[in-house]
Amino acid sequence: PAYQAEFDAKVDAGGYIEAKDWMPESYRKTLIRQISQHAHSEIVGMLPEGNWITRAPTLKRKAILIAKVQDEGGHGLYLYAAAETLGVSRDELIEALHSGKAKYSSIFNYPTLTWADIGVIGWLVDGAAIMNQIPLCKCSYGPYARAMVRVCKEESFHQRQGYDLLLTMMKGTQEQRDMVQDAVNRWWWPSIMMFGPHDKDSVHSTQSARWGIKRISNDDLRQKFVDATVEQAKVLGVTMPDPELKWNAERGHHDFGAIDWDEFWNVVNGHGQGNVDRLAARVKAWEDGAWVRAAALEYARKQAAREHQAA
Amino acid sequence: MNQQMNSPEHIEYVTRIGDNALILGQRMSEWCGHAPVLEEDMALANMSLDLIGQARMLLAHAGKLEGKGRDEDQLAFLRTELNYRNLTLCELPNQDFARTMVRNFLFASFQVLLWERLLTSSDSELAAIAAKSLKEARYHAQHAGDWVIRLGDGTVESHARAQAALDYLWPYTAEFFVTTPADDAVAAAAIGPAWSELEAAWEALVLPVLVEATLTVPARTPFKSFGKFGRHSEHLGHLLSEMQYLQRTYPGAQW
Amino acid sequence: PAYQAEFDAKVDAGGYIEAKDWMPESYRKTLIRQISQHAHSEIVGMLPEGNWITRAPTLKRKAILIAKVQDEGGHGLYLYAAAETLGVSRDELIEALHSGKAKYSSIFNYPTLTWADIGVIGWLVDGAAIMNQIPLCKCSYGPYARAMVRVCKEESFHQRQGYDLLLTMMKGTQEQRDMVQDAVNRWWWPSIMMFGPHDKDSVHSTQSARWGIKRISNDDLRQKFVDATVEQAKVLGVTMPDPELKWNAERGHHDFGAIDWDEFWNVVNGHGQGNVDRLAARVKAWEDGAWVRAAALEYARKQAAREHQAA
Amino acid sequence: MNQQMNSPEHIEYVTRIGDNALILGQRMSEWCGHAPVLEEDMALANMSLDLIGQARMLLAHAGKLEGKGRDEDQLAFLRTELNYRNLTLCELPNQDFARTMVRNFLFASFQVLLWERLLTSSDSELAAIAAKSLKEARYHAQHAGDWVIRLGDGTVESHARAQAALDYLWPYTAEFFVTTPADDAVAAAAIGPAWSELEAAWEALVLPVLVEATLTVPARTPFKSFGKFGRHSEHLGHLLSEMQYLQRTYPGAQW
């Protein structure tokens, strides 16, 4: 119909669709899935880093870490708000997370085992996230695009802080350097996998590209990330746990080893106790807080009634 | 800064204010990712950040006053339990959201009054810290006070929890106002008020909110806690074993 | 009547009353109160020391501490069993503890703040307990007397272990010695108060003495404890926090300062958050365990039914 | 003792068995004073004591094999998290009594089989430790197995809790039997079995009890934990910060 043509034209011209605009139902659904998954990832992502807040080694690092985790909560908030413009409530989305219906980035199922993990998450995980997210700052859905501009700005800041933490540790004792290398060994492959399946195996990409939700392919983004990160690793003085990783002058890119997709799908599909523990922590927080939310509602109701009576 | 400004009492006084912020900031930070709603995750993280920021300024200042080269981190992470000077109230476990919010309200209200008085401290550094921190404490007291009212005047369950929290915490507030030799010396030097001077003003701040929250204020009992004298509850040691872990495990490392 | 005369004669002759024997109702009540209070003290007493089990500094000390706390549980068990011979159930007694109706030794309301407290509790608190308890090994009620024989033997062992712990610390660093002195400063007066009010203010003593439940007075026991402990403190190299403590050659005993009975009664009467926390911990353990006890009963019922059916 | 007996694989193998006992013993000890009935306070303390006793013998032995002068306490208290070799299962929080008992049952059954095989170890010290520990493990397996049956075949609530505990813990038991290079070397030297050899016997011990307990045994998933390789869960670090506190805070002190 005419609506569809208008929508297509706007998207093709690189314009923004707004909440009040007509949009295809599958576009709406795809966006809700993607935005809420992203929001859930921010919220669940508070847990692995939150695990080290009480043990941060200096007050400055503690403050930086709390601020970072707080920012992630903030990202969750505006992403939920962006999803809500599409006609779904935050409570519905959270319910889908808790029931296991909705997914979140499986990277957050991995445990944070040492303080170096905090730096490596900032450097690699946030680094990979930024690569994934920068194209979304120009995605076709306005509220999402605007949320992503803010998210990306803060993520870059986090990435620099993570890298700075690692630089400090690498200038420290041998034990600290070993800790950093160990963390890189554990997080490198999961970070690489954050870009999702190879393009040939990716389900959603074609339609999403058409809609301007996904402008660059998984493999291209992954390559970009690897190329950028290898240089940073050299400065840092760490080695990636991939003997096949090397510069390919012909391609003008780094080659790297084959990804263990079994591991990827096991983690994505929740065959991991990390997934069980993360969800359990979120559900516990939600259930423990039920009486607080109920109290806030009841107080608001009483207040409204009192004001009504006074009027 | 004259000689009198570096008295042990002065150092202890500043350390005590810093330890309150440090230990309560640590407790607040435990909520991060586990609050009842996302907005409270943010708010609690924010208050934790404010408190840790205050602790950094205060402990750095205490270290300078002391003049032994100890920086904020050495003071925060490398003392043993009997050398922390925080109020016992600050180290108690968070337990539920009601106890967390009632505590924040009781403590932040006290902080507001303290910072107000410290604006005119003869220790100009302390006065500058007070100027920065007063706004924060006012926000904390407002935020927690709003929740105390909402919980107290909310559902049957939330009222019961808020009342239980108040009953549990109230006896620890007596410690705020116990006189100490350090306070007298500090007050004499116009560095800051003896905390006992703040009791009436604190009650005037706190009681109306508790009344609006429909809560019953417990009677005072003879119980006294002694955290600010370095005699704590069993809770502080556990908090410290976690907080100090990395500094203790890798002595001298830079982070 | 004849029963009463027989009872009196047996008690006066230093014989033992057994569970099946006739006894005056007030004797039974007094014993139930005293034995259950003692049992409760053992159970609540597991908490302050239990607080340091996970942080014990060596594996040997950890094992000693666990074994000690376990012994206290054992004492609780046979004291409850002794009380049960008087026609009251363990559940009733526990209910009285949890509701605050029954008391326990207020010494266990004090917090254990450093590792030295573990040694000082063994030395001073168990030491005082033994002084109180040795006369009970010959008390008129057989089951109680026999329980106390076993308790006293184990307590002496605990006391030696506590003293040994302190000796090791006193041979250590200045920080360790300071820790011991600080613990002595905190526990000395509460230990002295464990012997209860002065004889002139003691409610229960006269009748209890007549019954052979209380053979030595509070003040005599206290004096004995002070005299013994002062010598041990010298060997250890610590000072009691009492400037008036000194040898009185005329009396052949140590004089000591006035006891702060306000503090004593505040703690005894539960005007302390220590009391609140200890009871809360016991009640929580009991309530958290309700489903376990229910399951054990239900399984036993099912098993009995199955055996009945099979027969 | 010949040269081969001091191989790194041998040391790692003994350390791993010692760390299992140490870390689970630490977890058990947390129950002390908080169990559902006094008899279980005693029983759990008893098992904790047995395990810590085993840990002492094993770590002392590992230290001797290593030959660097580290004693049981240096090994227990002065390693960092990545150097502990215990099974991940042993470090998981106790949570409720059901999870505690199901874990004890799954682990003690494994220990029974391991000790039986170690009775004939070519490492005579290890064989002696096995002789002492086997009885203890049999008692632990019996005690916990009885509870698993009681809880599984008890009330609706206890059944649900026991099943939830089994569902949660079962994936971690896969790690028991994962092959490791150390195991192969140790088996070749007749020091002890490769743990993968014990899987069938373990299932034969464990499954009948779970069936009697009316519990459903979860299917195996691809999940693997890696504690025995030094890659742990997030729980171990917290356990260590508490356990190591005094040794870290007062380095070199005698206790």
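Lettered A, B, C and D in written order, each chain numbered from 1.
One rule holds for everything that comes next: a residue touches a chain if its C-beta (ideal position, glycine included) is under 8 Å from a C-beta of that chain, and two chains touch if they have at least 3 such contacts.
For each chain, UniProt lists the protein as follows: B, D = Phenylacetate-CoA oxygenase subunit PaaC.
In this text the structure is predicted, and so the values were computed from the model without any measurement.
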Requested in this report: Could you see whether C-D or A-D has the larger number of C-beta contact pairs?
Outcome: C-D
Report summary line: Per the C-alpha means, the centres of chain B and chain C lie apart by a whole-Å value of 37
Query raised in the report: Quick one: chain B and chain D, Cα centre-to-centre, how many Å?
Result: 42
Report task. Indicate the residues of chain A shared as contacts by at least two other chains. Result -> 55, 175
Query raised in the report: What are the residues of chain B that contact at least two other chains?
Result: 80, 237, 241-242, 245
Query raised in the report: Which of line, ring, star, complete and other names the graph you get from chains that touch?
Result: other
Query raised in the report: Between which chains is there touch?
Result: A-B, A-D, B-C, B-D, C-D
Query raised in the report: Within the complex, which stretch of chain B touches chain C?
Result: 80-82, 168, 171-172, 221-223, 225, 231-234, 237, 241
Query - chain B residues within the chain A interface of the complex - result: 22, 26, 29-30, 32-42, 45-46, 48-49, 52-53, 55-56, 59, 72-73, 76-77, 96-97, 149-151, 153-155, 157-158, 161, 242-243, 245-247, 250, 253-255
Report summary line: The residues of chain C that touch chain D in their complex are 43, 46-47, 50, 53-63, 66-67, 69-70, 73-74, 76-77, 80, 115, 165, 168-169, 171-173, 175-176, 281, 284-286, 288-296, 298-299, 302
**Report entry** Residues of chain D touching chain B in the complex
**Finding:** 80, 237-238, 240-242, 244-245, 248-249, 251
Query raised in the report: Which bits of chain A are touching chain D when the two form their complex?
Result: 48, 51, 55, 111-114, 175, 179, 182, 186, 262, 266, 271-273, 276-277
